[in-house]
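Paired with subunit B in one complex and with subunit C in the other, subunit A is shared by the two complexes that follow.
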Partner chain A sequence: SIMDEDSALESYFDDPIGNDASGFLFEGDLGLQGAPQLQDPSFLSSLSQPEKDIGEDLDLSFLPDDLPEDTCGNAATNANMTQDRVFDGYRPEESAETDPNQSAMTGSSTFCPMTPMTPMTPVAESSGIIPMLQNIVSTVNLACPLDLKSIALQARNAEYNPKRFAAVIMRIREPRTTALIFSSGKMVCTGAKSEEQSRLAARKYARVVQKLGFPAKFLDFKIQNMVGSCDVCFPIRLEGLVLTHQQFSSYEPELFPGLIYRMVKPRIVLLIFVSGKVVLTGAKERGEIYEAFENIYPILKGFRKQ
Partner chain B sequence: MAGSSSSARDRPPTRTSFIPEIQSMMFALGDARRPLHETAALVEDIVHTQLINLLQQACEGAVLRGSRVISAEDILFLMRRDKKKVRRLLRYLQFRDYKSKVLKTIEDEEPLEWVVAGSNKRQRLAGDFLSWVDQTGEFLSLSDNQEVDDVKLERLERLERQTRGMDSAQYSEFCESRQLSFAKKASKFRDWLDCSSLEVKPNTVAMEILSYLAYETTAQLVDLSLLVKQDMTPKTDPFSHVVSASFIHYHSNIEVSKNTHPSVNPESPETTPPSTPGSSHSSKPSNGGLGLDSKTRQRKRKKSSAVSGVEPPSGAIQPCHIREAIRRYSYRHTSANRGNGMAFLAC
Partner chain C sequence: MATVGLKCPECGSLDIVDDEHYSQPQLVCADCGAVVSEGLLTTTRSEETQGTDVRYSNSTEVDKKPCRNLINGIHRVRALCRILRLTFLMEETAETHFKQAYEHPNFIRVSLQKKEVLAGCCVLATCRQHSWPIAMGTICCLLEANPRLIGVVYQEMVKTLKIEAPPTSIINLLETHCQAYKLSPQHVHEELSESSKDLTKRAAVLLELAADAWLVTGRQPIPILTASIFLAWQSLKPTQTRLKYTLARFCQMAKVTKSSIAPKRVTELKEVLCKLGQELPWLRGDEVTPQTVIQMVDDILNHRLTLLRRALSSHEEALASESPDTGSVQQQGDHSQPSVPNSGKRSLFEPPSVRYAKIRRVQVPVVEVTGDEEISDSEIDSYIRTPQEIRDYVEAKEALASSDDEL
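Up next, the complex of A and B:
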């Protein structure tokens, strides 16, 4: 059950470094599988502790993702929610059948990126373009007070200017992200390119904090914002769009070259440029980005500059 | 030119000039593809004079309330009589804040920035002041007011029409012109404005508002001048005098299309050629002394074509249009007449 996993993971984080002598359990799997693997207690004890750069070669890749609170029904969808640049422009309908990565669902030994599948019913005439995720912002509660000065002094990739900002800024290279760590124990993680990478990165930071001697936990991990972008590959006449969609659009090229479109359903903000580039932000789930783009695409086609 | 304290000739040549930028802005606001240098020089003069007068009054206000800087409040105070313009400014400030907020969620280089409070600072600043002066509650409702800004709408319609006929290359040039603003060249703007004689200086937000007002003034001048130009062209069509402002400049083009190459889109600002072949708008900046000649030439051309019954081309906005626009505006706004005789366009 989820409760067991949570407390197991919590206690996992409570374990001091020295107890992890068991070595690796799996060979590189991120543990995206469904519930069965996660309930395996031996799963949880796998963590290698290289004594190198803090945050650098922290091997958390065997650390399972605990299931999100919103039901195991989403486990399959979550497993699919990995994005890889290779799949940019890939049609989700087409790839579903020939997806060689389906095996990841059943526990293959390699971490394979899955073709993103929209949770919504695919529209009959979709654009054929999939926005690519560019930035994920997440938060997590380490649930213990932190001495920021001590963290900044001990950790290699950390900066702390209390006069400028009341948080430690820490960075790791893989996944390439930045964390803001507050003395309350709350943490923000930015820069990841997928939900999973954001979570993985957050875990690494949590592990760093733990290594530095704090009883850090990993509570209430939540994706706060997702940014995606794509290119419709034709120039767009923004003057037409802003006039016909006045109630949603603002276009002041003296201030900013893009048109800002506030979509109501889903609640997403789009930046639309003359060049055809589109940036989408404000999503809590990647499906919102896909849906927003599918909504705007036919509208943009109507204002295609010949 | 009522109230004009300096003319383009009196200004020392080394002084910063926004003429090329203004030419670009005028094109982006609805003028012809190559606005006249002369016209832009006049616009620069007017905008500069108006801003300096505004600043002087704002300075007095700031000193009166014991402030060490000219801030948004002082400028808003001067604008208080025209609710529509205040509302437009508020929406501009809101957009500025909103744009910053949105951009911060996109960039992850400095995650620091977006958690810092004050993301709505401009809007809050304006809101605070307005609630202080608000006696009837009319200002407080302005920021929520969803009423359509009809002037803004006309401009949007005009631009939509203007861009419809453009090809990709023309359109991308147009977009670049639209991006030019006084706000983009903040330090040049500051120099150009020359606040050295003021007792107290404007702060950052006040400068932002001033660059907005400079742009608004330019836009208003173009709006009004297009109307004047429309009035001045002889009418062959009984409905042309009731044409909406967004149609101006392009409505008359439709008649011109008979004289132009059939493949050219009649609504494109490109097709504002003079009716006599071979002549041009002569809008090159090196115009200097030739400016007068081209203006006379255009006037003559207008007269002759009126006689011949052919609809004259719209052409670029002339200084005479600007002057007439100012005259009419000042006439209508004498009650709001402060400073040395010229009504503020942006207030």
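Up next, the complex of A and C:
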């Protein structure tokens, strides 16, 4: 119903997105402190290379110096990936051609551009694939009541249909985004491909509202949700995955073709498809998406049909 | 509260009000105080529960009697269990689930429609826990509800009650599905009849083959079941009569609902069979078409492991011989696309979503921004209407509104 959509969107401002009970279901109730299997290096390595010596010392000298502490920590705990397993994910003939430092040519997304090397970008040594951000949802408080009718009348790029939805839908061309502007002064901005783009877009919307005669401010800008996607480039047996990871997975082919994997740490929801494409959502920071993918990749490799 | 239409017999005033005298309802004249009519001193049981100011669910009664909808729901659960011929233990489990779910805060205030669906979902969860094969589609038919709604309620219920209900594997579904097909000699002509046992056996092998060839994962199970059974039926006695039957006609004959997706699965399955059939040594390289493959299904299935190995090795040989040539990638009738990056290592069988990948919209390269750039006035102005535009818009709207009035 329309009212449900209204309150669901407004609730962006109250609760973080995805803050439903489902995510916490397994943390408290089944006594899992996060998924121990995912964090245990020996378990993960046993999935893909059972004959590997688990007692090997981790050699992290290849990591650049300016990576923040926690990323190093994650790289260490996410399976004891060592240098010689860099191209595990690649097929032998591809790795010869690919530059190790280039971000992945992920499957059919040959148009995937290089992700900018900000400090948060993980070193692509474990899977060789970096998920690409597809959508960022952010909210900001303009902190003044707004006359939506007046905005819809004066703005070229605005839609307002109070019978359908109680907000103005406004769009700008660069960055290509959409905003929902509510009469309370709160605003939701969607469609950006990076956090900075989302912030810039939100500022532009705020400027438009200012120019239309409202004393709009720019308070509490917050990224609420980030969506990323990538391709592992091999087909996946979803029926098998749902049996071995029952507590985290839901696979109902009668309802949806993909498997819904609710990862506990980080708290990310992954949609895994038979083609090998993976969608990751529910992140507040991009590092969570990268971490989630590095966690799932060894699991998926275990289901690769040779 | 004044009651309209009544007149006091004593003074003739029209001002009659409701009044209660020690919980006995009375109609009293407001002017002279005469009692116009009296209600009953005691109430009936239904009035006590439904005629109160405080809703029963909000009342403080300690031992709440089960509400009507809960009772109806339990009856529905029992009815579903009887229709599906589940065991008594399963019926009890389903009832327990329903009671627990119904009274849980997540469900006590949902719409009646959802509560009805909840009954079916409890039965579904129970079946899964006891490894009783049943498809969600069956529950859909029994409840005559929207599959989406069933999905939503089912997932919510499983989460709330923390049930572990492993989904049914498709092979297990096959047998129950097969039994729905009316193909015994008493239903159809002897030429067209087939025993359920034989049909299930052959269809199971075809289904396994389909699963290996990536035709099953991620797809609706029922169409692929229908397709397997149809091809099993055709291949068990590949006479001209049977081969002339289309899937639609077959479903009509077997008194099974038609599906728009099953024909596609039939085509896909035939393609897989052709790939294997190609490797039969006595054909000596003759081409196998979807039309001719049905007669060979018997042989193909009996020797499928060998044929699979041969097909894989000849596929690899084909790839090896073609990799020096760039640009001409045509293997065994695959629909390859020039821009597919995996073409260097196409496997023999791939999920159709990989083979027929959707052409992607060209991704706009990510522009590096800091988020703190200066925003030019001209850019913002481009999003704001000029006063003339506003005037034009308002006039146009008024013109439209007035023309609507005229109509």
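Basically, the second predicted complex is superposed on the first by the 181 of 306 C-alpha atoms of A that agree within 3 Å, B and C clash if a C-alpha of one lies under 4 Å from a C-alpha of the other, contacts with A are read in each partner's own complex, and residues count from 1 in each chain.
Quick note on the criterion: a contact is a pair of C-beta atoms (placed from the backbone, for glycine too) under 8 Å apart; a residue touches a chain by one contact, two chains touch by 3 or more.
Being a predicted model, the structure only gives us computed values, none of them experimental.
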Using the touch definition from the top, say if A:Gln197 reaches subunit B (first), subunit C (second), both or neither.
second
For A:Ile268, decide between first (touching subunit B), second (touching subunit C), both and neither.
neither
Quick check on the superposed pair: does A:Leu300 touch subunit B, subunit C, both, or neither? Answer first, second, both or neither.
neither
Once chain A of both complexes is superposed, is A:Val232 in touch with subunit B (first), subunit C (second), both, or neither?
neither
Counting only touches as set out at the top, which of subunit B and subunit C does A:Glu252 meet: first, second, both, neither?
both
When the two structures are overlaid on chain A, which partner does A:Asn135 contact: first (subunit B), second (subunit C), both, or neither?
first
Any idea whether subunit B or subunit C touches more of subunit A?
C
Should A:Thr281 be classified as contacting the first partner (subunit B), the second (subunit C), both, or neither?
first
Which holds for A:Ile172: it touches subunit B only (first), subunit C only (second), both, or neither?
second
One more residue to check, A:Val188. First (subunit B), second (subunit C), both or neither?
first
Overlap of subunit B and subunit C contacts on subunit A, residues 235, 237-239, 242-243, 246, 250, 252-257, 274
Quick one: in the complex, what on subunit C touches subunit A?
135-137, 147-148, 151, 155, 159, 162, 164, 166-167, 169-170, 214, 216-222, 339-342, 344-345, 350-351, 353-354, 357, 360, 362-373, 375, 379-385, 389-390, 393-394
For the complex, give me every residue of subunit A touching subunit C.
21-22, 25, 29, 91, 93-94, 105, 107-113, 115-116, 153-157, 170, 172, 174-176, 193-200, 203-204, 207-208, 211-212, 233, 235-239, 242-243, 246-247, 250-258, 273-276
In their shared complex, subunit B is touched by residues of subunit A numbered 134-135, 137, 164-165, 169, 178, 180, 188, 190-191, 225, 227, 235, 237-240, 242-243, 246, 250, 252-257, 260, 269, 271, 274, 279, 281-282, 305-306
Which residues, counting only subunit B, touch subunit A once they are in their complex?
28, 92, 95-96, 98-99, 102-103, 105-108, 111-112, 115-116, 148, 153, 156-157, 159-160, 162-164, 166-168, 171-172, 175, 178-181, 183-184, 215
